[in-house]
């Protein structure tokens, strides 16, 4: 498969794509990004790399980080984790309280905000320095010690985080948050502020395409069965209330963030990251989804 | 992969499985089935067959039939179909009115009851004898002219179909049903009454594992891109509000019915059907899900 | 209290009222009415009458009729009625399915559509000719044998009644409708088609201002305790999801209809009917509510 | 009307009332109360007093205090208040987030928790020492300088107030809370901790039965029109999702609290307070509602 040729075709076709998406503005820091940024990086299990555009520029990965915290927590806990959250698509917006209230403070899955807050709660319970552990994990799978939180983004999240505070307080009222709410929110906001490029993301996500092992050394980072389950969760829950659309159009497990990034993996074949900050109305990168749809259409291969 | 050996292991392991599921009783006909029935049939793209138990006995396939009507409609219509329904998991029970009301009569996906009723409406609009067309399609992909509706089940459904009549009337009030409600319900109830064995189902579903082509002749029945999309829909929406659980535990696209049947496909590898009438509280075969989870665990292979 | 003077003041003040309401158009027959019609008729327990405008012209009373069917049913049944519906404000639109589904087919109160359909079901069970009984009751309390259904309106309702059919089917699936759905809907649509003038309505509703007795003869039509309860229901549930607003601004028990009529009673003092077809966005007569607010403000008297 | 005789009858009849209610236990302080406490105090506009039982013992008035904060805010603000909350029954539990989320952070009415939190927010904006102002108002209308907050109850509320913190944060995310959440919650918890006896409560609520004036001096404390509106709100929204039931059975404007107190007023006739800590499943005093139903049944008089 000539991925370089395919990526170039996509780049050409989409150069005139009418993009009426809107960048995220709910925190000031995110609204400062150049809306025309666009980059892709694809990393094959064979070791080859293919890319174009702004693929080396870091951006705020936001909810993509939830895959990392889920992986960390799944390494710590066994099935006990699933007493505190479910594995079902929510059918609702990522920050909805409605379902959480009806279901007694049990989040539908780890990728909606409430689920990620429970993951943060577990990290606070299990680690003395949970933020350091997150960094350590990401730096390890990316083989890159320079990856870091963006302080300005984290602060900006904190100042506008009332909806997340509402979710955490609601869950605490049901007993599904054990620690101080401020400490949970602190981890959550820092984790979301991680700044990474498409190149770095596709390298980090190789572990999910490669049965849980680092490509370079073969070291197992996540158990293969757990990797399959994380991928299944990305497939059914990785795109908020647009997970079905992504499965339908693209056909790969993936995860998006409101910073405009999307990562996807084709198990045993490749991991890919795309970045374009303008979001569709459901909060996913409009050009990013289009790019990945063309990728699986042109290769003729999805997991389905 | 020695599927016969694996199936035998599963059979042995589950011979003492404590099954506290309940058979469907909402219509009298379904409640008459022997709850201890249990069979599996697996059909490889290589042509080999593997099976055990009551794999040759016909049962009511119920919602599994929605895959057939979706395939028929996707052959008739292009993307216009998706103006009338979405491709998202519902996050709600299969017969819920709540979401349908809030979303102005547009079903979340073709596999919840409301979506299947819209499919039936399209079949009424497009065909003079829609029930015959359904039979024709199923007989063709199963290479079996004896497959038929079960009149008693269809009548029983009709007598207890008020919830489905509510769904159809609600959609008609929003203009998303074009034909007479009684004619829509008639097709829907007959379609759900189709009686097939695991062997027949796994043969019929081979078309979804084999890029849309009949294994024997290579004839293309459904376009390969459409097959990928049908498989994606099975993955995200095939198990009502338990689709995430099935993806998480089994990791294959599949579809269940309240008659206790489940079909699943591993694209390019195999199609499999399992039958055990006792359902879990979300309406899916309890032993059926357990069987398929062990199948993908033992083979070490899922689509993820 | 000089009601004639007060009504004249209101008429003058509201002659230039900017009315941006919209007439009901969901059935063709209702949309044919002259939107500028406006009339009031007030009937005192002392026997005096006060009126202005189109107070003698008949219009479609629609949901106001639910007070009559409730009264008939409360005469037939004791507290057994309340096993089949509740007495709480719904907090939702009058034709909402959401709450009815969540609450297992038990309507919140007799004045939302689902509640009125259960009333119709009871009338079918209890009477051989339920429509005749409704007419008999209304003619009796109005002392007017010419009051009748409007066939065209009833037919028009029937042709556009899919939402009500959805409600009835949903309740039947929960066992809260006992008779054939078509016969229930027939009564419901005819009852809503009753044509009455403000003068006739205020006369009919005198029974609710006069402890259940006909003013002229003193004959008890409804038990006084039941009248208090019907008035309480009008207060808390008589205006769909605007019941609080009517209590807050007007302060009288009342009932509205999408034909633009509103009736209200001040127990022991008067009954009043107003008609103006333009509705606010919650389906209540915009000028009608304004008129009644000024009436209780100018008299300084509400039940509160 | 011989109220003393009527109250004695009620006392006798209910001495053997089978009370299967449960005292509130969500905060430890409330769970310490003697569940068998029972007292009534009725205060006529004529000046007479009638009482029995534990009518002089103070208890935690909880949500009854919302009538006081609403009165204070209505004195400060005109109709601008109603831009920040509605006047409709919620149809949902008093602490539900679902509706608040769907309606963009605008509470349905001032008597559900979210509405009372907005009232607290306004008191923080308008007063330097809002808690003092609440005390001043209650002491004034009760003519009793000894009424005070219960520090232990207030602290206990604070430690278990995560649900209220969730409500406040959700509203802040929509811009409907202007001040620091901790300061809002502080006022809210103290206000709910007010300790008053039935005698004190019935005296305080006389202002709502007496057109806003103190009975002793005739001094106008609340504008008469505003009093009518507060009474209307008590009628439609004073009992959470049981407001309809209270209107139906009792027929008076009233307000309950989870401490087991209920106050009700018959405008121009009397105010009455009853206390019995065992609550029905919707959080209202079971024996209290029964007592008031018998009161209006025996007098034959309700506002309806």
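Worth a mention:
When the chains are written out, they are named A, B, C and D in that same order, and each has its own residue count from 1.
As a working rule, a residue touches a chain if its C-beta (ideal position, glycine included) is under 8 Å from a C-beta of that chain, and two chains touch if they have at least 3 such contacts.
Since the model is a prediction, treat every value here as computed from it, not as a measurement.
The set of chains touching subunit A and also touching subunit C is given as B, D.
Both subunit A and subunit D derive from one sequence, and where they touch, over half of the residue numbers involved are common to the two copies. One simple way to say how far apart two chains are is to compare their mean CA positions; for subunit C and subunit D this gives 31 Å.
Between the Cα centres of subunit A and subunit D there is a gap of 47 Å. Subunit B and subunit D have Cα centroids separated by 55 Å. Residue positions of subunit C touching 2 or more other chains: there are none. On the side of subunit D, the complex with subunit A involves touching residues 96-98, 101-102, 162-163, 165-167, 169-170, 172-173.
Residues 86-92, 99, 108-109, 224-225, 227-229, 231-233, 235-237, 241-245, 247-248, 251, 253, 267, 297, 300, 302-304 of subunit D are the ones touching subunit C in the complex.
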